[in-house]
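Working notes for the structure below.
Labels A, B, C and D are assigned to the chains in the order they are written; within every chain, residues are numbered from 1.
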Amino acid sequence: MKNHVEARNVVKRFGPTTALNGAEIAISEGETHALVGRNGAGKSTLVSILTGLQRPDEGEVLFSGETAPALADRDAWRQRVACVYQKSTIIPALTVAENLFLNRQTTGSGPINWRALRVRAGELLETYEVDVDAQALAGDLSVEQRQLVEIARALSFGARFIILDEPTARLDGPAIERLFARMRSLREQGVTMMYISHHLDEVYEICQSVTVFRDARHIVTKTVADLPHDELVAAMTGEATAAYESRSRTPGDQVVLSGARLSLGDRYADVDISVKSGEVVGLAGSASSGKVSLAETLVGLRKPDSGTVTVNGTRVRPGDVPAAMRAGLGFVPEDRHHEGFVPLLSVGENATFPIARKLGRYGVVSPSRRRAKAEQMIKSLDIKTEGPDQPVADLSGGNAQKVVFARALVDDPTVLVVINPTAGVDVKAKQALLGAVEDAVERGAGAVVVSDELADLRICDRVLVMFHGRVVKDMPRGWTDHELVAVMEGIED
Amino acid sequence: MTAPAPRVRLARFRDLTLVPVIVLLLVVGAFLDPTFLTAGNLTNVLQQQAAISLLVLAEAMILIAGKFDLSLESTVGTAPAIAVMLVVPVSAGGFGIGLPGTLVIPLALLVGAAIGAFNGFLIIRFQLSAFIVTLAMLIIVHGFLQGPTEGKTLFQLPDSILYLGSAMWLGLPAAIWISAALFAVGIFGLGYLRLGRALYAIGGNAEAARAAGIRVDRVLYGVFILGGTLAALAGILETGRLGAIGNNQGVGWIFMVFAAAVIGGVSMDGGKGTILGALTGVLVIGLVQNILTLIGVSGFWQPVIYGAIILIALMISRIAGGKAQD
Amino acid sequence: MTAPAPRVRLARFRDLTLVPVIVLLLVVGAFLDPTFLTAGNLTNVLQQQAAISLLVLAEAMILIAGKFDLSLESTVGTAPAIAVMLVVPVSAGGFGIGLPGTLVIPLALLVGAAIGAFNGFLIIRFQLSAFIVTLAMLIIVHGFLQGPTEGKTLFQLPDSILYLGSAMWLGLPAAIWISAALFAVGIFGLGYLRLGRALYAIGGNAEAARAAGIRVDRVLYGVFILGGTLAALAGILETGRLGAIGNNQGVGWIFMVFAAAVIGGVSMDGGKGTILGALTGVLVIGLVQNILTLIGVSGFWQPVIYGAIILIALMISRIAGGKAQD
Amino acid sequence: GSGASTGAGESGGGGGKVGIDHPRADSDFWNSYIKYVPQMAGELKVDLMPATNSQNDVAKLVNNVQALTGQGAKVIVMAPQDTGAVANTLQQLENKKIPVVTVDTRPDKGKVYMVVRADNRAYGTKACEFLGEKLGGKGKVVQLQGALSSINGRDRSEAFLECMKTKFPGITVFSEPTEWEGSKAASMLQTRLEQNPDIKGIYMHAGGVHLAPTLQVLKQKGLLVPPEDPKHIFVVSNDGIPQEFESIRKGDIDATVSQPADLYAKYAVYYAKAAAEGKTFQPGPTDHDSTIIQLPNGLEDQLPAPLVTKENVDDKSLWGNQVK
């Protein structure tokens, strides 16, 4: 079968980092081809080269055997390839409709017919079953809604080649299912796709062949059938890696985190939650169930309309993050780019902000003590970085997420709240992060895990399921995926 | 899900948060001085704001595209002055090149466009900070007025450059028609043309705009060049209104220009705001100035009242707009 | 993978991209005028820059925290003037309140702090655009100098306010020592203090800073208040140097302040730059001014040369710094 | 002028170098002054250092003076637009025994060798008297002020208002602070004429910036008519630049106060040379139609500033008729 897309011997450097080092990929006509690799393996960099956003330092890109168009010729690129980038390309100040049809609001050069555009956008959203108002400002959408808009846009171009870079990292189960249904029907129409994900089971579900990158190089390309799960992981990590086994434990008696009668607007109402030392409590729910808002309230990022939060025996002022942290709380926020890290500051500094006061006297932060602490965190979380002085902006997504984890764990918290902890994180890192949560709990902390990923919830001793802003069920360990999803969707109570 | 209708109305409405302020100013003005609400006085306000409003138009576009241009104010004096000096004889302060007088307007526009292009070159090509580049250019461009004229006012101007700023068309000053027409084009262009929408995309997220196939650099060059050209046109209108090109023409305008754009809802961070909003900002500033002149507030305290009114307008536009400003 | 060491060194080095420019200016200056490299002249340069450098220090901190303050320049005149008017008798232009003369410096600093606090209040509490708030405040604060003095210069000043700006300590003007000491504190504070690092976090990503347990609003208030206080101190130094408080004290400084900060590597977008870099920016500006004065470039063309040098310094700092500016 | 020095070179004539700072370069008056200075220095054979320009900023003025003395100036000529804030500088110059000639403004404090200026208050009074008489002591006039923070603007404004109040109480004055900006002047005048169509007189503080905008507004309103016409508005300007004279000849405006840019330059240089040579002066009339008066901190030579009307507008001795 002939190659629809091919990249040969691509080299791309960013300053001292080599993101791609003689990497290659060949995708046959009509297949859905997975690209997997650990965080920082160079997947997104290849995407930007395949979509003409960046010029490779060496190597070439071919479409159906022909050399790729010049970088300046954006129209030619857009005819050849559509893409859902890992980084959001939604423009918050514009409406959903305009975002969907950015730079193609009209076909000709005449004035834009907004009414028609709205209708077209509405149809498009309906086709892809995205439940958002075409006229809403994109900035008002939730993270997952934005992702859906982005996907709908990429799929709507009618391009013969579509790249999806971690489209499911922010989606819940039903949305993922809808996306896959769509992808299958596109494949039936002969569309070629490249699919990037850290959810390896998705690779087996939707892709025909898979390419593995490791350390900026091409490792292997095979059909999925020829590359069982273990071998795939081994190819990614360069070593045999066992699947994650969640540990069992007995929670203590002491309640370390509790929320009582919490309510906030139309997000959640009258919620009680309590977490004991040595216990992991999961918070599950479908989109807009209010679970994230609740978790953000527990850590002080949001102020509830009513109710109280008690951390480690101290009643903290609502909406006061520093107070909660001082009481012994550490947390990982939902969106690392938004609240997780300061991109220009170093890994060391980002990781140690909560303990800055402990790194020196009289308000002074000792750089050497900071570096020492940071190196310890880098080691314990296995963060792939040049060192504590590298800006977080230069790290790959998964490694940046580990820095956010480092920040949450650096003060040995008694309470750990993590929201979508493994979003966009590779298999091995995922294990490391979940392991870090469990380690903290074994040291006596209580933890709350908020996640759309059932795998994350596996480590929980019990899972609270939210539906329309209320806790509808408390499920102890031992649930099956099907049971949990049914409760989340409100099908069964 | 919310019905779409109310949201549209609200979004539209957001451009017009200053309308109550304008109404209030009209009422207060009428109350304070009987002359205020006369056709003659309101025409004067419009005429006085015509030139500066073109700068606001230019700056609003540049801000929406996520950039910045302080040097526009210097172009207001320098562009027409250089054009005039290319045309008039040495005895009238010219360079002695003696190009035909009919060329003076195109020449002025060309000088403005060239200044804009140079700004664009430095900012886009060299990726320098737009604020500081155009700050330096503000100084340099003004120097190109001061240097050749040696600080003197140019009094002997060709008639053609005086015409637009002083003529009356259909009973109203031509300057009002011109700036109204350009605002109409601006409102339409940024509201309904793909190129205009591209400014919002670039200002909102330049990477995303590039990914969507917008030729970001080219559009930005265009915006800077258009900005410089509009500033030159503002200079031509002002020259006609004042009958001479003084060394201070345009100096100090830029602050008012920013104030008008921002209270009119244009964000300093790019990607937000409309030309209609900017227009309401210009009107507020113009009305405030007019009222202060009419009631004759002491010159010493005038700035305090003036600044306070800008702050109040800012708050109203913030509260009515409902979003944090940047 | 590359060893971390070179990167650190490079980052350190980035603060000092203007050092070659300074060396070049010293060489060129020495070449152009024999007076230039004398101890007396260089002391003069430092003394002349002492007051404005405090504004650069203040603005650099505010910019690093991701905000903006234009009104600093007005505080330079207004803060000491109001303090003086609270102290001196009516015959000397005072309010007739007659507070003791020894209070004049604390009063001036207090006025500066109050202006900063009010800026902070509007910007943080009401979430208004810092650019426009402080622009309006620039006008208003200056009005509070012009209004009570009715435009007149205050020249009967208590000795205490004159001392700092005119005294000599160890053979050098006190102003140089003071501003050197404050820069040293600033360099240390922003480099090694928790609070200083918090400015970078806030400017780099305010949401993340909040999530990391930094009291963002409180720190920002502090920065604005500190900025106002430093501007007042600059005003005190300037008052001592000039021996009177004119109505234009500080007016027009702010552009130079921004130019110095930005060519010194401080980003207008927040989170980037160092106090040491800002200091090199001040020195470049001061040396350029001094050289232009010494060689007596025509006043008409001076701005062009001046602006061009800012552009060149900007390019050097861009090329040496290696990153796009914002 | 007097003086016996010959030879133009370094430290020629037993005097020494004269450092001169110009106050600003953005008005026609000062530009004429700036052009006259080297010309007069050539005539008087004064060793002038390259001039500095303080761009209307007293802080720059102080820096410039420091640089000039650093470079060896023995006499300083300056025109401080902020008359208070130069006190320290004057003190320092006195300590260094460097005499100072100030032009146009009279420092509030600090020793000066000679102040060379015309009386700005007299400008305001002359304008007031002219307008008062033309209007017959009643009606409304507009005063387009300079910047209120400049001493000259304030002097003109205060003297004009004071004279109106005492001599022509029947006249209403509207004062418009234009910050020396043509644009503001045009807007304010236009608004005021709309509000009070019966305004009959205008006093402009600076012809260089106010003349063209005023004429333009009057033209637009159809008020640019000969003095005989009842609609005529009497306009008095200030500065004495050639364009004002031309407008007087055409009948567009009625008078101007000629601020003697040439004499300013000439006597600035003259007294600088005299100071360098160690000469001293006494209060009393001079040989050039002026009077030297005693100030607490020095002397002041009050140069004549004639009111120019249609009658004397062609007088060859007016500086505005000498520039080409």
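The rule is simple: a contact is a pair of C-beta atoms (placed from the backbone, for glycine too) under 8 Å apart; a residue touches a chain by one contact, two chains touch by 3 or more.
These numbers come from a predicted model, not from an experiment.
> Find the two chains joined by the most C-beta pairs in contact, please.
Top-ranked chain pair by contacting C-beta pairs: B-C.
> Return the chain whose centre of C-alpha atoms lies at maximal distance from the corresponding centre of subunit B.
It is A whose centre lies farthest from that of subunit B.
> What's the distance between the Cα centroids of subunit A and subunit C, rounded to whole Å?
The separation of the two C-alpha centroids amounts to 43 Å.
> Counting only Cα atoms for the centres, state how far subunit C is from subunit D in Å.
It comes to 35 Å between the two C-alpha centres.
> So, what's the distance in Å between the C-alpha centres of subunit C and subunit B?
From the centre of subunit B to the centre of subunit C is 30 Å.
> Please tell me the distance, in whole Å, between the geometric centres of subunit A and subunit D computed from their C-alpha atoms.
72
> By the touch rule stated above, which residues of subunit C touch at least two different other chains?
Residues 146, 150-151, 298-300, 302 of subunit C touch two or more partner chains.
> Could you pull out the residues of subunit D that touch at least 2 other chains?
Within subunit D, the residues that touch at least two other chains are 25, 34, 148.
> For subunit A, jot down the residues that touch at least 2 other chains.
Touching at least two other chains: none.
> Given the complex with subunit D, which residues does subunit C contribute to the contact?
Touch residues, subunit C against subunit D: 33, 35, 38, 40-41, 44, 48, 146, 150-155, 166, 238, 240-249, 251-252, 289-290, 293-296, 298-300, 302.
> What residues of subunit D sit close enough to touch subunit C in their complex?
On the subunit D side, the touching residues are 22, 25, 34, 49-53, 55-59, 62-64, 66-67, 70-72, 82-89, 91, 108-110, 147-149, 154.
> If you look only at subunit B, which of its residues touch subunit A in the complex?
Touching subunit A from subunit B are residues 1-2, 4, 7-8, 11, 188, 191-194, 197-198, 200-201, 203-205, 207-215, 267, 271-272.
> What part of subunit C is in contact with subunit B in the complex they form?
Checking each residue of subunit C against subunit B gives 122, 126-129, 131-133, 135-140, 142-144, 146-147, 150-151, 255, 258-259, 262-263, 267-268, 298-308, 310-311, 314-315, 318, 324-326.
> Residues of subunit A touching subunit B in their complex?
51, 53, 72, 74-75, 77-78, 83, 85, 87-95, 98, 102-106, 109, 111-112, 114, 118, 131, 133-137
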